[in-house]
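In the two complexes below, chain A is the common chain; its partner is chain B in one and chain C in the other.
Let's turn to the complex of A and B:
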């Protein structure tokens, strides 16, 4: 059997892509490496999901179940415990997906692919933490999965590295369940999370160490203490400011990176500013017929955007499969102007309305977002919050530049 | 006593100043809209939070099931509520939306499951 669209990854972006592709008349299959659908939403048990997409505030599992039930009611087939190892492009309309499942390896053929494998977390060694190899060092996601899927507490005295929303949300979960969070360490001079999550630090009396970095872990068998120090404005350790903090657990919440390992063998272009693939407005990568959405494309703070991207990718993947490809266009590159760290998509064709997702480099108050010839006033722009704007066809210029100015 | 609270009602994030004397609010300043003022007063007098936790299940998909409160609960009650829930053990199957505790500690909310177990 040859599918029209195979979706790799059954998180919110993948489920949304599969539903859309099915509704557009495609023959669809979902491959998920975990034993359950829903992706990281199953372990994000706090509310805050679906405010834009549904106009309702749900917890992660509740939001996921809406999509899972839809997939089931539409009889869209899915395979669980199916880890995709490799993708090969044989011909433009013949792609081979190699997966490992409990029953062994298997090849699946499809015309188009939507890749929604989410993100991976940065580990301690990637942010320069050295020292003893001991137990008690977790990424935030590992700790979240332990606590909220398996009911296991990762430790009693916890130091958290990274003050982004993920780190703060874990600080709350750990404190609520009786652990002592002895501090949150942040390299930057300002906290990474949204104001509504920074309240957590106040609620549980958790010290925030700004402009600090964790250097070293010490312990025999288990984490016993952790060395941290102040950094200067260039992020360099200031000698003489080192000190040790007693804790039994170190939680690393140093950020997410799109997980594109499976795509790498296709030689697609990667954007260093997002860590994800370079895409056109159909969310198609530089490999024709391979689309990408959700956290594999760009780290989304909101599930709503991951779902929106999934729907777009799913729809375009069916169009690709049915028409034997998407017509190539005179692509207009989306140029990054001042204070824009990253923007999605990278190419637009000027013939449709498009949605841009972008992140600023620095916080700005009373900002103006300039997209082509259009200006949007935004009261507050922070790097912690992704911006989403819809651009009308008539507002697209050649060249097309995006800029955030004060 | 003066408090400076970053308003979380909208992304503007006004830093609202609230002054308190003998447990009473005597001034609220620096807010840009009435919703922010209301929030700041509540945040000082009776702060509430959304509540979430997990509860043990026997024979379920995972060893625990996620739960939430049907409405916000007072901040000071969150830890006791977690303790109360640590004594609860459910028997699978438990569909999402099942009431685990009805009106615990008189808080006028229910604790319900948020995924199937």
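Let's turn to the complex of A and C:
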């Protein structure tokens, strides 16, 4: 059996890709690492999913179940607890995926791959927290899975590192269950979460420490106190501003990193600014027939975007499989101008309407987003909120530069 | 008549002594360990090197000098018999300045005197060929092909399992409260779990060996903890193919750069002398880690600013005169094995035999070899590391071997369940993540457990029949939760 498209990762992006690829007439298989489909959505029991894509406000599991039911009703095959050991590209139309799965090892052959394995969380060691290694230090996702998949209360007095969405949502979750969140510590001079999540801090009376970082943990078996300090504009600790905060739990919500180790081992080019692969507007990587979507491509704020990318990648993967490759093109690189931290895709062709996803470096009020010759007025731009813009074919220029200016 | 031998301390040294003594019919060997698993003290956090034996001056440190070389030879057999993960990569001791070269010649001569085989000096050109990527300032090196690396906490586990198989009894979470001596002879050990009659007490208590020694009135030495900090990098950041040392100073072998057994670039340690009462201070420090990075870059300039996945600190028990203290004391039956600092891991198997010889020579005990002694121990099968056909057979026999839990290191549910079985085999009472980690490698990859830790905890909870929140990170006092999800709201009502 040779598949047209194998989707690696059965989260929202992967499910959307598989459904789209199936609808386009492709022979599709989904591989999922966990024992269930739906990915990280299954532990996100809060609402806020699907507002853009469906015009409905759903919880994570509700949103996931819509896609899972669709996959089942279309009879798209999937393998659970399927761990990808290795991908081998033997020919442009022959890719071998080596699996470990409960039914044995398996080599799966496919023409195209859509890689949607998601992201992993940055942990305390990566953000330079020193001190004792004790229990009570969790990534936000770990705490979320402890609480909402396994029904365990991780602690009583919690300090949260990072004011991104996951950290804020966990602040609310912990507060609702009776824990005291003693603060949220943010390295940057502005908060990292979406505006709709920042109200959580006010709702539960949680102090936000901007331009601060956590330095050190102290404890014997468990966290007893945590040292934090103010930082200057370069992120360096300002001496004399250190202070200890009593708590028994330290939650790390310092951002996500696309999980692309399998792709790296294929020699696929990675963009340091997104942590994900370099792609063209078909979301195809530098390896022909390997497409990427969702948080493996770029860290998205909204599941809606992950789904949109999944659909695009799924559609193009079938086109690749059916036509023996995608047409050769004279690609236009998307250049990053002022105040643009990252932008997806990296190459566009000027023959289609294209969606750009980008993030600014610094917050700007009354901003102008310049894409090629076109200007878009945006009231507030913050690094926390990913910008998504549709560019019409006629507005694409060569060269093509993207810039956020005041 | 059988002789009751109690070893205080289930670290690499206690374990090695127990394994050697388990060969004899007339010894009843017990190990007592205060922590909830073996190998969690000094043996856990160190550079995990099997040293060559050139560094120890035989005039100043005769025990270190002779036991290190013997230990290296013994490890080459023990890693095979006990299936301990290892790589024998060899080492390069790097000269960065002209006076270093002179020092390397001294080390070569010392190595020759200590009986270290296959060493030689290497000039700049050959060095660059032997180790591409090395600092261009390196002017030469001493090449020591016999230096190896092992997975050190796993080594203690392996040795203990083999010792237990050969009849050694192990008592975890058992602290020594006192040692009874009468008529100048050891009688036994008082513990919270009762009095253990003993004819021989071997003090292998690591950092706390001075305190154990004081319990029989011997206070002629004091151990000072010396802290060393380390950094480990993600896969994909290149490390050297050989262990790189700077030219040593009188105090330490210096900050080394290596690709450890798991394949990650590892650098460290620095050497920070601590106060006597800081024997549990395993905290990493910003300054210390900075010092390690700066030191390591002198040898291996390509280390990036990003890519650290783990930092840790270990403590070494520094004896007053620098040499190991291994001797039968005037209290009959009491043997000190103390101050086992570097190269303690390397020396451990040789210390086992040395202690056996003390039993024979100094205590005059006649040891009767067992007719049947099991030299081998099988490691947990690494599903990801075996050939495809064998892997497929394993999975078809037991589907848990086909369910990967630790994504980073490809470790399956079956391997984790095997680890739990091994924990129970040596009477680990408190389920902990670290016990699984040091038997399988799970949670030690790039994500540091953020994907798998909770799932491993769930397996431990099921297998030990405890609620998930009572599973610990590293023994009692490090429980993962405070209760079920409703516990705080219940409390408030």
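Rule of thumb we're sticking to: the second predicted complex is superposed on the first by the 404 of 406 C-alpha atoms of A that agree within 3 Å, B and C clash if a C-alpha of one lies under 4 Å from a C-alpha of the other, contacts with A are read in each partner's own complex, and residues count from 1 in each chain.
We adopt the following convention: a residue touches a chain if its C-beta (ideal position, glycine included) is under 8 Å from a C-beta of that chain, and two chains touch if they have at least 3 such contacts.
Here the structure is a predicted model, which means the values were calculated and not measured.
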item	value
First, second, both or neither for A:103, with chain B first and chain C second	second
Touching partner for A:222 - first (chain B), second (chain C), both, neither	second
Which of chain B and chain C A:146 touches, first, second, both or neither	second
Which of chain B and chain C A:85 touches, first, second, both or neither	second
More chain A residues in contact [chain B versus chain C]	C
Partner chain in contact with A:24 - chain B first, chain C second, else both or neither	neither
Touching partner for A:186 - first (chain B), second (chain C), both, neither	neither
Which superposed partner A:281 touches (first chain B, second chain C, both, neither)	neither
Touched partner set for A:123, first chain B, second chain C, both or neither	second
Partner chain in contact with A:133 - chain B first, chain C second, else both or neither	second
On chain A, positions contacted by chain B and by chain C	147, 149-151, 177-178
Chain C - residues contacting chain A, complex	235-236, 280, 282-286, 289, 308-312, 383-384, 388, 391-392, 395-396, 399-400, 402-404, 407, 410, 412, 446-451, 453-454, 458, 468-469, 472-489, 491-492
Parts of chain B lying in touch with chain A, wherever the complex brings them together	6-8, 11-13, 47, 49-50, 52-54, 56, 61-64, 66-68, 75, 78-79, 82, 96, 114-116
Chain C-touching residues of chain A, taken from the complex the two chains share	33, 35, 81, 83, 85, 100-105, 120-121, 123, 125-126, 128, 130-135, 139, 141-142, 145-147, 149-156, 177-179, 215-216, 218, 220-222, 248, 261, 264
Sites on chain A touched by chain B in the complex	36, 42, 45-47, 59, 61-62, 64-65, 147-151, 173, 176-178, 194-196, 198-199, 203, 379-380, 385
